Amino acid sequence: MQRAPDALRPVTITTDWSSAPLASVLIEWGRTRVLCTALAEDEVPPFRKDKGGWLTAEYGMLPGSTPRRVKRPIGKQDGRQTEIQRLIGRALRAGFDLDRLGARTLWIDCDVLEADGGTRTASITGGYVAARIAVERLIAAGEIEPAALLTPIAAVSVGLVDGTSWLDLDYPLDSRADVDMNVVMDGAGRFIEVQGTGERRAMSRDELDALLSLAEGGIRQLFAHQDQAIARALAR
Amino acid sequence: MQRAPDALRPVTITTDWSSAPLASVLIEWGRTRVLCTALAEDEVPPFRKDKGGWLTAEYGMLPGSTPRRVKRPIGKQDGRQTEIQRLIGRALRAGFDLDRLGARTLWIDCDVLEADGGTRTASITGGYVAARIAVERLIAAGEIEPAALLTPIAAVSVGLVDGTSWLDLDYPLDSRADVDMNVVMDGAGRFIEVQGTGERRAMSRDELDALLSLAEGGIRQLFAHQDQAIARALAR
Amino acid sequence: MQRAPDALRPVTITTDWSSAPLASVLIEWGRTRVLCTALAEDEVPPFRKDKGGWLTAEYGMLPGSTPRRVKRPIGKQDGRQTEIQRLIGRALRAGFDLDRLGARTLWIDCDVLEADGGTRTASITGGYVAARIAVERLIAAGEIEPAALLTPIAAVSVGLVDGTSWLDLDYPLDSRADVDMNVVMDGAGRFIEVQGTGERRAMSRDELDALLSLAEGGIRQLFAHQDQAIARALAR
Amino acid sequence: MQRAPDALRPVTITTDWSSAPLASVLIEWGRTRVLCTALAEDEVPPFRKDKGGWLTAEYGMLPGSTPRRVKRPIGKQDGRQTEIQRLIGRALRAGFDLDRLGARTLWIDCDVLEADGGTRTASITGGYVAARIAVERLIAAGEIEPAALLTPIAAVSVGLVDGTSWLDLDYPLDSRADVDMNVVMDGAGRFIEVQGTGERRAMSRDELDALLSLAEGGIRQLFAHQDQAIARALAR
Amino acid sequence: MQRAPDALRPVTITTDWSSAPLASVLIEWGRTRVLCTALAEDEVPPFRKDKGGWLTAEYGMLPGSTPRRVKRPIGKQDGRQTEIQRLIGRALRAGFDLDRLGARTLWIDCDVLEADGGTRTASITGGYVAARIAVERLIAAGEIEPAALLTPIAAVSVGLVDGTSWLDLDYPLDSRADVDMNVVMDGAGRFIEVQGTGERRAMSRDELDALLSLAEGGIRQLFAHQDQAIARALAR
Amino acid sequence: MQRAPDALRPVTITTDWSSAPLASVLIEWGRTRVLCTALAEDEVPPFRKDKGGWLTAEYGMLPGSTPRRVKRPIGKQDGRQTEIQRLIGRALRAGFDLDRLGARTLWIDCDVLEADGGTRTASITGGYVAARIAVERLIAAGEIEPAALLTPIAAVSVGLVDGTSWLDLDYPLDSRADVDMNVVMDGAGRFIEVQGTGERRAMSRDELDALLSLAEGGIRQLFAHQDQAIARALAR
């Protein structure tokens, strides 16, 4: 694929892909595909009792989503999976005023149907669309007040590969990257989460600064994709 | 939906739905959708050592595949899931001469993206297509001999609902059924597996006979769907 | 053992084999021995809340019950065990009107002391006797109304071995069988459960019909064994 | 039951109770019944590699062995069970020269079919008979040398109940006991294991001495029971 | 280390080693170091409901506490650990009148920072100090009545090594011991728990008697160490 | 404690705190205390086979390390723990040339004895000292070549609390922080890992920049503490 280092891969967001849950979103990002569903349960965890609602995320990969089969995590917790779903949950909670969600938990499930790098940023970006549509529908139904919506949330990866700063690492780039960073931002251009790791070497302050700027540009484009998808879904 | 009791719901089989594995099949059967992927590993379980190959199946439901969220089976085995994946594996193994598969295990993963009844029969019917394409491709690559292909395999459910024999129960029918039976057949019209359960009442021998005949008719139509899908995939 | 293909192995049902629980039954069926105990707990699972009672079954094999030691299922669920105990529970529930059992759960534990084929059908046949005696005793004690008793339940296996239809497979027959079927019936000669599997080859419709007839004959004899055992226990 | 405080409950040891394993023993001790089976596997744990054989014991209680149902220990280890089976294994290993058992593991499974106190001492006493018969049969088959037999092993409980020293506590005595002690001895009258616990109060040195003497007397009688059972089994 | 067979290793008990919990004790016993902390929770297990309080102990070894790394017991229960923490709990409960502790559970955690034999007796001896200080502080705060204190508790190991009776086995002695016994006593010189095991050979009645006497002497010295540590802590 | 927002809490690093393992380090950082031990095993995970060595870290908290008891993670993996030990492992691996460690795994265990915030940065900073001393000792023993040492590694937390940028958050600061960031650096002042999270609000680019600078200053001081501790240990 001939792609400029500062260009995103093609992103398509299909809303209401499946009929069952409150909202469902298939995000296709290059060859990565994640199905994000939103579902509400009329219960909150103990620490949110009498304080409002909660939003939690789970993440999984289908066994056939990569060339090498991923084992189902039955009978044991998978460290990588745990880490990713904690990140998705934290990121998405920043988009909503949990105190105004009512005594309910919003479950956002992000399941990777096909993986080619960037599954956690696709999960956050698509998961926000699913969560947002779910909340908008509950607002329209009079069950949540509009003030529960705080800000859009999107995420992208950036990295250093052979001395070049790249936006949006696919799997081949990611596996060669010296430095790899996931950035989550809100609609006001502020940082919700920055997770940078020197996989093969450390990064200088200047390199870190350049990667952050690259991520900012990519996330602005993702907000546009999200807006269109949400508008289409709500217009129905 | 106005459907005759002896008519199948619409069935669509999309092959190579995802790019990653050896073969991938999305079977859409009414509003039930199952993604079946096939993947080979160069290992066999101990009891097949030096005897040829093996085929094993796993089954899962995405948390958002039903209106009421399905919990991920982390940290514990789910009895229903275990039972279903053992059935799928047994059924699919009847389609292939395992001794001629070479020293490899064929993994067939059936993941339910959307559930509206009949997920196990859709998994068997779609899983056979994935397994078959995978084996045909390994034959074409000279890695397996053609004699490994024995017979097509397909499955359908039948049941008694309010005194009527129904072919192909969707979720609303299934939840009202007095008797519920899953039937797996081979290409010669013989039975691989018959699992009938009197959920609310027992069935007489005559009722059992009528259900078996109904299933035979449905499975013949499924073989036609499979043939077309396999031909399209192999023509590429 | 010289036995006609349509003859049952010798069956002995000893009631009140142990003194402790509400009812205990040792069923000896050829060289298979299963201890079935019945025990009531004053609790029901959530989905039966305020609806009446529940009956649940568990199945286990002692490590020394077979020539090759069976591992204790500590720390993991065993798929075969799960499947069998779900079958036993479904079968036995058909014998009782759960709504009339009172707010209690009847636990039927079937533990295989010695295994020589047919452990699941021995568990159902012996488990029914334990459940029935338990319920009769609760009726006699005025804790359950007599209408809770619906119908006797018994089960037998049948199969195709070297082209012959056999009733009641012992382990040597079972391990050579091409087709293997477990049949559960009620006292009116109707089918509660039919589970037929083509282990080595598929079966034609005629073969399936012949096996069902053979099973019907065997189960009639088992009802006689059950009746005598129950009468003896209740006469005490 | 009118029993003198220094008298054992009636003990019956039935050998070859089941046909399957290398040796099987049903020990009935008052109303406690334990099935002990012995089985050999041609493997040893890593720490016994190239050093000879091993003997290991497992202990379980059937769910219906007590008036209050015992849960099956699936998915978690049970502390009491672990403790008991470690004790049984240690005790039985003292009876054999493991270095002379050959490169095999002897599995002694002790499963409580009915429990009325003293299940661990019945397991040791009956387990020794099973292990001994198994080893004698392997000696007779020329697979083990006779010197592998070191000494008989038996065990009994003693305790202080309302100020009286009791031999062989049944469940009602055990649940009222202030002090409770399990004693394992060898054929030369020496102590293999002494486990005394002040459940409700501590014991003085004099009380401890009296209990040890009482246990010695009981164990001498158990050796006689064991000898007769072993002789009968080997005479066949 | 030149030490007489009837002499204890040096014992140092540091109270309030860490600031966080209700009481914390670092017991250093030769080169064995155990951190014992006491913590109260306002809950009791179901079987103590409305009867007063409870005391429970847990035991762990840090992975780096021995020359050969100890695996963390994640995902499985460790039999040895379970056995030890049950012993510690039973021993410490003898020191307190649980009915007078109020509706709370006292958690005593004993974590081995460095192990050189005798970790379970150090846990009991140090754990008592932590439990005692915790209870004294709750008495001083008016939350527990003084009568909750029954008696001091301490423990020591003894054993037979090369024909000599040794008090207080360190790891090198323990690994060579023929017989090994842990003894727990109360302040009146009575036995709470006696656990003697013939690891390599059985012990005669005389040997057992001699070991018990040796343990009595050692425990008297431990009571003095405990008294001083408790007095220092409460004087603060 | 009156501390300037840009000042570290007092840090003390005691080497060889326990005698057993290859190296042991007690790092006391304010009221946080972590025991870090290093231990070598002559095995590598499969993916490092024939490629050199490996370094892995585990992290745990003692139950009594905080005012509210931390449950032992037996029988389940803890998401937070998994995340932390993956971070520690990644960070420490950057300090060594794994290809030159020989066919061994270096286990770094970080166990929190007392927690007052910053346990993960204390684990990295103290864990590096333990790993470094272990490797230096293996170099001195001629088992590893000196080139295996790449760079020192240390870590600190920074955060925004009530509008102020703070270095080194203790627990009270951490629980009030709006933004919280952990920074790991190498000896050349480059970033190994940056993990910033907007717990209560997002951070602007300027705020992020200020926090990174604050962390750089703190880590320089930590390198000095490490150097002194390592020099003292190696001088012995």
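Labels for the chains are A, B, C, D, E and F, by order of writing; each one numbers its residues from 1.
Everything below uses one rule, namely that a contact is a pair of C-beta atoms (placed from the backbone, for glycine too) under 8 Å apart; a residue touches a chain by one contact, two chains touch by 3 or more.
The model shown is predicted, which means the values in this text are computed figures rather than measured ones.
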item: Recurring contact interface, reference A-B, options E-F, B-C or D-E [over half identical by residue number]; value: E-F
item: Rounded Å distance between subunit C and subunit E, as computed from the means of their C-alpha atoms; value: 51
item: Geometric centre distance via CA averages, subunit F-subunit A, whole Å; value: 29
item: Residues of subunit B whose C-beta touches two or more other chains; value: 75-77
item: Cyclic chain order - from subunit C, heading first toward subunit D; value: C, D, E, F, A, B
item: Subunit A residues touching subunit B - in the complex, by the definition given at the top; value: 18-21, 24, 31, 33, 35, 37-39, 41, 58, 60, 62-67, 69, 72-77, 107, 109, 111, 113-115
item: In the complex with subunit F, residue positions of subunit A that touch it; value: 76-77, 79, 82-83, 86, 90, 94, 181, 185-186, 188-198, 201-205, 208-209, 212, 216
